[in-house]
Each structure stands twice: as structure tokens, then as C-alpha cells.
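Quick one: this structure, given as C-alpha cells, is what I'll be asking you about.
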Amino acid sequence: MEAWSQFVQLLFSGLTVGSIYALVALGFVITYSVTGILNLAQGDFAMLGALLCMTFVNSGMPFVLAIGLSIAAVMAVGALFERLAIQPARRSSVAVLIIITIGASFVFRGIALLAWGTDPYALRPFTGHGALEVFGAVIQWQSVWAIVISLASFAALHLFFQRTYIGKAVAACVINPFAARLMGIDIRKMSLGAVAVSAGLGALAGIVIAPISGASYDMGMMIGLKAFIAAVVGGLTNAPAAIAGAFLVGLLESFAEGYLSSGYKEAISFGLLLLVLLFMPNGLFAKMTGKRV
Amino acid sequence: MEQDQRMADGWKRWLLLAGAAVWLGLPWLVFGNNYVLSTLILIGLYALVGTGMTLLMGYAGQISLGQAAFYGIGAYASAYLTAHAGWPAWLALAAGAVLAALVALVVGIPVFRLREHYLALATLGFGVIMFTFFKEWKGITGGLNGFFGIPPIRIAGVPLQSDLPFYYLVSLFVLAGVWFARNIVRSRVGRALRAIHGSEVAANSLGVNITKYKLQIFMLSAVYASIAGSLYAHYVTFINPDLFGIVPSIYFLIMVVIGGAGSVWGGLIGAAVYVCLGEWLKAVVPLLLPDAGGEFEIVFFGLLLVIMLIYMPNGLTGVALKGWRRFWKTGWRRQVDSHKARSIGGERG
Amino acid sequence: MSAMLLEVERLSKSFGGVQAVQDVSFGVAKGEMVAVIGPNGAGKTTLFNMISGVIPPTGGSVRFQGGVINGKKPHELAMLGMTRTFQNLQLFSDMTVLENVMVGFHTRLTGGIFSAGFRLPLARREEKQAQEQAFSCLEQIGLAHLAWERAGTLPYGTQRLVEIARAAVSRPSLILLDEPMAGLNPQESKQLVDVLLAMREQGFTFLFVEHDMETVMAIADRIVVLDYGKKIAEGAPEEIARHPDVIKAYLGEEAV
Amino acid sequence: MLVLRSVHVHHGHLHVLKGVDLHVGEGEIVAIVGANGAGKSTLLGTIAGVYAPTEGEILFEHKPLPYGKVEHIVDKGICLVPERRQIFDSLSVKDHLLLGAYRRQRRDRQEVKRDYERVLGLFPKLQTMLDRPGGLLSGGEQQMLAIARGLMARPKLLLLDEPSLGLAPLVVKEVMGMLRGLCDQFHTAMILVEQNVRAALQTADYAYVLERGAIVLHGKAAELLADERVAEAYLGAADRR
Amino acid sequence: MKKGMSRLLAALLLMFLAACGKTATSGGEDEVKIGAIFSASGGAAPLGKPEMETVKMLVEQWNEQGGMDGKKIKLIAYDDKSDQNEAVLSTKKLIEQDKVTAIIGGTISGNSLAMIPQIEKAGIPYISLAASKQIVNPSDGSSRHWTFKTAQGDNIVIQKLLGFLKEKGWTNVAWLNVANAYGTSGHEEFKHYAPEYGVKAVIEEEFEATVDDAKAMLTRVKKANPQAIIVWGTAQESAVVTKNIRQLGIESPIVESHGIGTKSFIDLAGEAANGVWFPAGRILVADQLPDSDPQKETLLKYKEQFEKAYGYAPTTFGGHAWDAFHLLVNAIKEGGTDKEKIRSALENTKKFIGISGVFHMSKDDHTGLDADSLVMVQIQDGKFVLAEQ
């Protein structure tokens, strides 16, 4: 019984963390699919979202409004970033593009330092501090929120791509940018939209995780890197697979931590990254779905 | 032919000599100022890593986001072998280099099947895994508490404990490293590498074994990094894993990209600009904003980086090279060329 | 057949069920100049890529100088004496013309990373040898005056010549040319034709793919025609020009 | 309707089009034929705004075309059906058609709907496979889809790049046979770039022969069909040298 | 455009060179130069920032009050951004270029350890603010002639904590530490001293500084059923772990490290913070101290001044800087600007009442603090409450 409850506990821990990775990974995939750029500043959007939301809430704004406003603000930042840093350098080499996003990440982190300092901040959970008990395992409501929100975001995006006209236009851009251009679809606008939406997803991830782990100016890097692994494990252009990858990474970390030791947690997830890259460079789920976005 | 060749190379040789003179003479300009010296030493160590990386990135066209791991291998090999196993520093340095090359070989064989973003990610993963080893393998690395009490390096039994001799030692290594890299670039191997960068299929069809050369250069760049790491360990005498994580790897990459991977000097110039930029921001930012702390420097640094890369994607040496070429073309070089052409023809005819 | 330098036997390639090349056989004798022609999508490039080791065939074999070379990598083929040029110019554009040609001499040199790095006598000797060979090769083609220009800055036609010099400098026994005339203006293509003819005089053997029928007719000893992945004709230029299947393949069937 | 006056195009160092003059009248089908590498696709790409001319001018309905943005050219009523069809593998046939009308989707939804019905009426085969992903269609079906998608933009001028490429002879006949009907029904002028010379010349009203980036011959399609010089352009008759 | 760029570039390069080669400006006779290196930004900024601010405030006060013997103090402070290389470079800059009389700083142990070889070589009085005992008692026996420190070493904190556990009778405990230098150093001291106090770890675990959810690890802790749980980390990660412990329904008492003594821990951990014990410097509970406490007056004064200047409560780290500054100033008063004299004055400091405790330096003890310099604090209703005496 106790083993069972430990298992359930680890499962939920993994799912919670996985859902955060999933939101950020989704952003990676969208940006990469549409622009071909791996945005290493993706994790910093989560940081900006969390800290902005915290500030808005503390200034007395209603919670829902604060969330919406901070997501909108981060989307604006993302759009600005796309116009000022990514567009002008689109034709550069991979190394240069990677470093540009790293440079942007420095800027975001530096600005956050100026605005909020180094102290970690707390954000209140969406719905109280209570917890849920399942098979003897304890699950915070915020964890449930995290999982629900990430799945809901995915569902929303999926619907967006499958059911809406504009979503299909984006999909067309991803599949065949040349043909999409010939149809009069403005790729630059799509790229702007993609980065902005990715930024919004990142912000949402940050807002969801902040009540669990707190928010500080340097939280972006690790979230970003882990989400990165998730995206690669899933296959960089495949959104459902990236989400599966995110949950896989989350669960793997959680079980490794629960049953083995936590010292090698990082090595385990990056080891997974290497294995996937070497043996299945298109991602673990490339064959299973075979479909992009 | 010989004569003209000499004429053309003579200029460059003078330039080189002048550069070397400045480099060796610098400490006398700042005599006694160990701060400037140690800045220069640090530049030199970074430059060594960077030179290896320019070969890898600029000439073999491969990206590495895990180079600090090799830097760390050198540092820890030197630290452990000298402090705990009692080896002489030079032997430890060589052992570290061999170890780094071996690791590069083992990692390189699978990893170099990947390209671009995927390669970058794989090397990043390698870097993180090595960092975990440095952190967790406490028996050898001392874990997160760090490794201290590393003995100084000795030349003919005399320990190098002050900055001036160390500066000369490092600068010798840098010069040798750049010389070695330059020689490679101007050889069959270097041409093959540049050919790979230009077009893999074409290079391959002309008999260049791409995998072999990529691996060799990756190993060589690992050796460069490892030697720099060894020297660093003996210089500061205290190391901890944070120096060899992914953040330093990213900094190395930044240096090389700033300097421009298209020239073997890119590593040195990138390191110099990177370090000076940091020191300069430290001096300038407080003048502009008296109350600003280090965070302003980070913002400025990030902005500069982005702007620089947008406008100079080939780095500083790329810009310099462009200017140099223009000068080269319009100036006396053309005359030399026609001379040269005639004389080679003459020799044959 | 064993006198042939290159023998292609029932070579096939399919990509996911689509037969790009099907049972193609022909040979190239030493000193010969053989052209492969065919309408767009006929499988010429696939055939070429299989011979030059870029992609593995799904059936059949390629023999070069008597030995089977299926599955060999391009660099191994180069070592055996087979080099090629590319349809969309694969010049190393940041290197000088001379350096480009010197890369072509790669197979004739042995120096490795250490002899190069330490500038050992071997490396210096080889460097000099490579430079002289490359230069004399450029001279023969009439490009010596451009030796120190960056390859990427030259006119297209000149780049093509450089590419051929690069492929020829190691004196390989067979050179594959992938659409050598593509994108050249009349003078340039005439210059190139002259160069190729002169090289044939010197004993070079060529296999080439070409669309410019004028050139093909003018310089090929023998022509192999592909259509829909199959060989539909082979013979001397005059025969090919009158071959009904060839005319049909090029101008299309009577429509509607 | 469309006039090109000594248009030059460079790809880097490559001088692809060397002063092309061309004229397309209202409701006309103009064929451009020529060997591979003659610059046909570049010519179409230039008209569609993918490439910018380095010299010369292009007038569409007496006004110069705006360069730099393909979508503006689509707005003017020119649509390119690209070589090799360029189908979106995972999108359904229906989505393809709707995306074809991307630029006017928001403006006149009703009309798009009408056009959708009309286009499907023309391609009954597509009607039966509306939900199938484009990647699963056969070559001929994909070509029809590509043309149908192009028509959805309601172009005044449709540019067709090698619609017969990679299709079996029977299918080529089918596709070519259709073009004339489309031209009449939609009042659309067409430029048809083809390698399959006979098929093209039998379909078109007027034709240009492009050789190495320049027009070497032009005239009524039917006349060119009989002209020996056309065959020469392809087979480079040996006696000409 | 291109030309503009290259000109801009040239200008920038010139400025770099100028900045790099900037030569020393010699100070006047009427001032004493003190060098300082803090990690005011980067990972250790929560520690380093109050240190920097404390010293800046003290220097200002000191100079307003006329300095010492008419000499003003000139503070030259650098931010090492929590980076070891920066710390080493700044040390050299202070010694060689700024030619300071003494140096305080080195917020974290790693940076201090990297600075020490330069300092010992140059022979300059140095007071570190970091905790590792290696700073003053290196295990490799290298020289620490010039090096002092003002933070209680982890050995002292651990002894305080173990004493507390023994007193409470919680001898079977779970040990959890953050996976960084701070955590592992605490862990080593714990392993070293625990047997002495009869305390046994039934389970020992590490967690990442970036931990989001430690429940996975805590399920194992729960199984081990300890009498008390020790969480050794700094505010953010400890808060996550603390919350998770309570969320899992583990009711064992939680004892943590002195690293959580900030308001943000209480904010982050919320309800779960209540009841947590930890050893801390007296500054945290200054106003609750009995009047008989010799430090009380000093503490309250510092607290008031700091809060007035910066608007937030001083931390123990700021306190280390306060101590270092005053120890140094006292030594300079006594020894003038002669470095060896300052050093020996430092070494002979007795009964100095500081923020971190009452210092008794000696040749063998360059810290001068013992376990009595700490008190146990409990968090109750979101407040720090003095738990003993």
C-alpha cells in the first residue's frame, strides 16, 4: 500500500513538473516550426510571466486580470524580441542565431534583476492551499491546475490548428513556406505571431509554477533547458510529441529522484537527450504520429 | 617565385613580429600591475580555448556548446594528478590533454553524425553530463566544495608563482597554439577543413574524409581547451565545478562568435574583447548610472551581443578580413600577384 | 566489357516505392566522353549520385577499374581515381581559386594534422608540390591570372572552369560532370567545350549529364538516353538525334 | 494585360533572364517552352513576385507590379501554381482549397463559398476526397488540387509551372485538356510553362521559346508546333554547328 | 552604414583599450583605502547585496563623523557577479592597481578560497564574509597568515544545531541538503559532528537548487520515518521542500539552516513555515533579546540605521560585513596603515561586540566565534521568534 502511494506521489510529481515543461516545450516547438529558430530565451518568458503576475497581484489587481495582463505583456515582449532580434538575423548561421537568443536571454534576466532584484517571490495558488488525497498520496490543487492548464492549452492549440482558418494558414507555413507564400500568406506576420504565442505559453507556465516553487529572476534557464530536452525528445516540430516528451522527462526525473538519488537527476535527463539525439534524431514519437503540428 | 613569395609573406611576418613584440612587451608597459597581467593571463587562457574552437567552428563548421567540459577535464586532471598523485605538472597537463582527446573521440563519433541545432544540443547535453560528473565525483574533484591546494607549475624546478612568468608561459602557449592552428589552416588538412565548411559534398567527392577530419579537429579543440584548463588550475590553484558548467561553455562560444570563427585569431580577439568588455562595463556603467549594480552590465552585455551579431555575423575578424581584402585587392597585392603569376609561369617554361 | 573503365550493370534505385532508376546498364571506356541525357525527372541525377557514391543503389552494381564500388563513400572513390563536379556549383567560395584547386590535389598528398601543425618538412614539401600542380593546372585552363581571387567573386562561367580544374588536378581516371553547361552564356560554354575537348586529348575520361543538346551533340562520343528511369537509347550523337523514342521523350506525345 | 519589357533577373552571379519581352492578353493562354535551365521557372517566379527583376519593367493592367511581397501580387490577381505542385502533405483537400482564397477570405466569405462550389464542380474527382490529406493523393490528383487551389485566389492571371512534370502521359492529357475549359469559365488568362512541348503548344494560343534566358522565337502556338526550329532548340540539331 | 559601423567599432575598441589600460590613480595621504569584493549580483546576490550596502552605509557614516584621526576612508568596492574569475581579477585590481590597505569580502566560500592565494602572496589583511572553515583552517595546510573571517563556519552552525537536536531528544533525523557548495559543506560538517552528539541520520538526500517539486524525494524520507527533518539550503529551495514536507502530511519537526533567515522564506513557504526551527545570528531577533545581552544595543542600532537607509531589514550577511568593517577599522586605528600591524591587531582582537557575536580572535582562531554566537529561532505566525535563553 505504501509502495503504491509512493508510486502515485511520484507520478503526480512527475506530471506536475512535466506539465510545466510541456507548456514551455510547446513554445519551443511553435517557434521552431514557424521560424526555424531554437529560442534559448524561451524559459525567460516563464520568468517574466511569473514575476509580472506577482507584481500585478501584489498591486491589488484581481487574480484573473493579473494573469491575463501578464500573459499579454509577455506576448508583447516576445513580439518585440522577434522584430528586433530575430527578423534582422534570420539568415545568419545556427551558432549566431543561438547566441542571439542567448543574448536576449541575458537582457531579459538583467531587466528582471533590475526590476525585482534577486529575492525569490511567492505567488498565491490559484485555488487555496488545500490538497487532494489519492491512494494515500497528496496532491496540491496547484498541481492539478498545472496539469489541467497544460492539457487545456494543448487542446486549445490543437483546435486552433485543426479547426480554425488562421491555424491552418500557420500549419501551411510550417509544412511548406514557399507554397504558403504563393497563396499570399505573410510569413513574417506568422513568425511574429508564433513567437508571441510561444512567449504567452511560456508566461503561462511561469504563472502556473510560481505558486509551487516561487519566482525569481534566474528561474528561466533551467525550465528552458528541461523544456528543450522535452521538445527534442518529442521531435522538434511535433507538438503532441513534445508534450509527451515533456511528461516523459518530468516522470523520468521524478521516478529517478524518488527511487534512486537526486544528484544525477540532471545527468539523467540530459543523458536521455543524448540518447534520443543519437538514436532517434527525429524524436521518440516520430513514427507514431508522423504528423507535424 | 621564392623571392616574391617572401616579399608578400614578409609584410605579414613583420606584422606578426610587431604583434608578438607588443604582446611580450605589454607587461613592461603595465609594469608591476598584476591586475592587468592577470587580466591578460585570463585572456590568454580563454584565447587558447577559443583558438581550438575557431578551428572547430570556423574551419570544420561544427558548433560546440560543451567546450568547458574539456577545459574542466584538463583542470581536474592537473589538479588531481599533481595534488593527490604527486605527478609533475607538465606530465599532468599532458595526461589531461590525452584524456580530453580520448573523451572527444568517444563523444565525437556518435555526436558528429548530427548537424546544426541538433549538434549544438548534443554538445550541450554532453557539457551538462560532464558537469554532473565534476560535481558528483567527489573523490577526485572535491565536489561542489571545490578543489584547492593545487601546486604551482614548475619550470626547471622553479615554481611559477607570480604573474609575470605565468603571463609569459601562457602567452607562449597562446602563440604556439595560434601558430599551430595557422599551420593547420594553411595545410592540406586546413584546406580540407575549409572545404568541408564550404561544401561537404564537394569536399567529400574530392577525397576528403569528412568524419575523420571533423573528429580530429574536435579532438584537437579538446586538447586546446584541456591545456588551458590545466594552466588555469595551476594559476588560480582553486577550482570548482561551476567553472566548467554550461554557462562557461556558452561564454566560450560567445567569445569565438564575437571574435569571428573565420580566422585563427578569432579566439584571441574574441577573448580579449570579451574580457575587456566586461572590465570596461564595470568601469563605465557606474559613471553613467552611479547606483547601478552588476545587473546593468548584464543588460548592456546582452544588448551589445545581439546588436553585434545582427550587424557582424562573422565577428570582428570577419569585419577586419573584409577591410583587409579590400585593401589587399586594390593595393600592391595585385602587382605582386601578376609578378607571381609570371614568375611561376617562367619557372615552368 | 572488362576493358571498360566504368561498368554500370542493371542499376536501380527506388525511393519509397517510386522507381527513380530502373535496370540501367552501360559502360565507359578509357579516354571516352559519354553523355547521359533525358528529360527532367528522368533519373539522371539519381543515376549520377549512385555512381559517385552519394546514395546507395537498391539494385545492380557499379564496377570501376574492375572492382565493385557499390557502397563506397565518395572520398574512397576519389582515392580510387573518380572525381566529380556539381550541377549547382559547389565551389568553396571563401577560398581562393588556387586553394580550391589545391583541395582537388588532396588525394595525392599524405600529410596529417601533426605534420601540418608543426610544419614538418613533409608538410612544406607537399604544400609546395600542391601549389605548383594546382597552378600549372590553372595555367593550362587559362585561369592562372585569377589564382589569388576568391572563388565566390568570379563570374559563373569561370567558377565552372575552376570546378573542373579542381576535379582534374589530381589526374583522376574518370571525371563525372553534372550539367557542366547549366547557366553558362554562349561564349562561356564555348570556352568550356574547348577546355573539355583539350582535356580529352590529354587522355581524360568523362561521364556527364547535360541538357544543352548542342554541346552534347558536339562533344559526346556516345550518348545514353534515360526516360522515366529507364534507358531508352544508347549510341552515337547522330543516331540519337534521329531516334524516335528520344524525340518522343523530349517533345512529348501528341496530346489530346 | 501583362507586359514584360526587357526584364533581367540575376541569381547572385548568375544572369538568368537576359531581357525578356512578353505579352499576355485578356483570357489568353500563353505557353513558354524551352529546355531545362533556360529560365522558365525564374520567369514565372519573377512575375509572381518571388524574385525581383534587376532591370526592366513588368506592367499588369497598365500598372507596374509592386515588388518584395508576394502577397501584394496575389492581391493584384496573379497566382502561381508552382512546379512539383507543392502540396501541404497533412492538410486536407478542403483546407487546401480554402487556403487558396487566403487573401480574400475575410473580405468576401460568401463569394469564396460560391467559388469553392464552382471549383469543386470543375474537379469532380476532388469532390470525392475532401477530407483526405494532400500527401495521400496521386500525382495527377495533386496537380489538380494545386491548380484548383490556385483558382481559389480568383486570379486574373494564373501561372502554371510544369503541370505535366512527373505525370503519366494519360494524366498529362487529362490535365492539359482541362486548362482550356478553366480559362473560359473563370475568365482567367494563363501562362503555361512546359517541357512537354507538344502538349503545351496544342493547349496554348500563343507561345514563346526561351533559350538561355532569352526569347528566341515566338508566335501563334499552332504555327510554332510545325516550326522545325523548336525541335532544334531541344535537340540541338547536330548540323547547326 | 558599413563605414559607420566600422567607425563605431574603432571607437569602441579604443574605449576598451583605455578601460583596460587605465592606470592607477594614487590616493591622497589623508585617506585610507579599503577594498571590498561582494557578490552583489549573480547567484549569491541575496547574500552579497546587503553586504555591499552595509559597508557603503558604514563608510558614509564614518566619514561624516570625521573619519579616523582626520583620515577619511575611501571604499573601493567591486561586484564579482558571483563569479570566481571576477573575484580573482578584482582582488588583483584592489591590490595592484587601487593599492588598498586591506580587503574585506568574498561573499561565497568558492570566491574567497580563490582569492586567498593572491592575498597571502601579496601580504594584505583580509576578512572574508564566507562561512567555509577551509577559509581559515585549510585542510591542505597552506598559509592563512593574512586571512580572517566573520561568518560562523558551518562547523559552528552544525554544532549549534546538533546541540539543539540532542536537547530535544531528536536523534534519528533525516538530512536533506541543497546540491550546491553551501549544502554539501553543511552535509560534511554534519557527518563529522553528528556522532559526537549521538545524532544519527536515517536518510540523507540532496535536492537541486532549482527544485520545483521535491515530493518524489520526500516520499522516501517519509518512509524512513525520522524524528525530525533537517533541511539545509537557502530560502527559495528550502521553501519548496518545506511546503512539500507538510503537503505530504509529514508531521515531524523541521529544523533548517541559517540560510532561510529572510522574509522571503516565510512568504514562499507560507503556512508551512510555521514551526520551523533554525539556528541564526542574533540580528534576526534583536528586539526579542533580553536586555542583558551584550550585543543587543549594537544590533538594534545597526538594524535601525540599515532599515532607515535601505528600507528593508538587515540580514545576517550584512551583519558579517558590519563585523568585518568594524574589526578592520579598529585594527587600523591601532596599527595605522602598516599591513603587518593591522594584521596582528586583528589577530589580537578580544571581546569585540559585533553583529554575528562576540569575537575572540587568536593565532589559531581567525574567526573568533563559537556556537554561543548563535541562537535557535522558530517561525511562529510568520514571525521569527527567539526560542531559548
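Which chain is which? They are A, B, C, D and E, in the order written, and residues in each are numbered from 1.
Note that in this section contacts are C-beta pairs under 8 Å (C-beta built on N, C-alpha and C of every residue); 3 or more make two chains touch, one makes a residue touch a chain.
Heads up on the chains, UniProt names are A, B = Branched-chain amino acid ABC transporter permease; C, D = ABC transporter ATP-binding protein; E = ABC transporter substrate-binding protein.
In this text, all values refer to a predicted model and were calculated from it rather than measured experimentally.
The set of chains touching chain A and also touching chain C is given as B, D. Taking the definition of touch as given, a chain qualifies here only if it contacts chain A and chain D alike; none does.
Chain centres were defined as the mean of their Cα atoms; on that basis the chain farthest from chain C turns out to be E. When each chain is reduced to the average of its Cα atoms, E sits farthest from chain D. Chain centres here are Cα means. That of chain B falls 36 Å from that of chain E. Inter-chain centre distance (chain D to chain E, centres taken as mean C-alpha positions): 74 Å.
Each chain gets a centre from the mean of its Cα atoms; for chain C and chain D, those two points are 33 Å apart. Among the residues of chain B, those touching two or more other chains are numbered 135, 295, 297-298.
By the document's touch criterion, interfaces exist between A-B, A-D, A-E, B-C, B-E, C-D.
Of all the residues in chain A, the ones that touch chain E in their complex are 2, 5-6, 9-10, 12-14, 16-17, 20, 113, 117-122, 129, 131, 138, 140, 143, 209, 212-214, 216, 218-219, 222, 253-255, 257-258, 261-263, 265-266.
The residues of chain C lying in touch with chain D in their complex are 39-41, 154-156, 159, 179, 182-183, 185-186, 211-218, 237-238, 241, 246-247, 250-256.
If you check the complex, the residues on chain A that touch chain B are 38, 84-85, 88-89, 92-96, 98-100, 102-111, 113-114, 225, 228-229, 232, 236, 263-264, 266-267, 270-271, 273-274, 277-278, 281.
Looking at the complex, you find that chain C touches chain B at residues 52, 54, 73-75, 77-79, 83-84, 86, 90-95, 99, 102-104, 106-107, 109, 111-113, 115-119, 123, 126-127, 130, 132, 135-136, 139, 144-145, 147-148, 150, 166-167, 170. The part of chain D that touches chain C in the complex is made up of residues 13-16, 35-37, 162, 164-166, 169, 172-173, 176-177, 195-200, 202-203, 212, 231, 234-238, 240-241.
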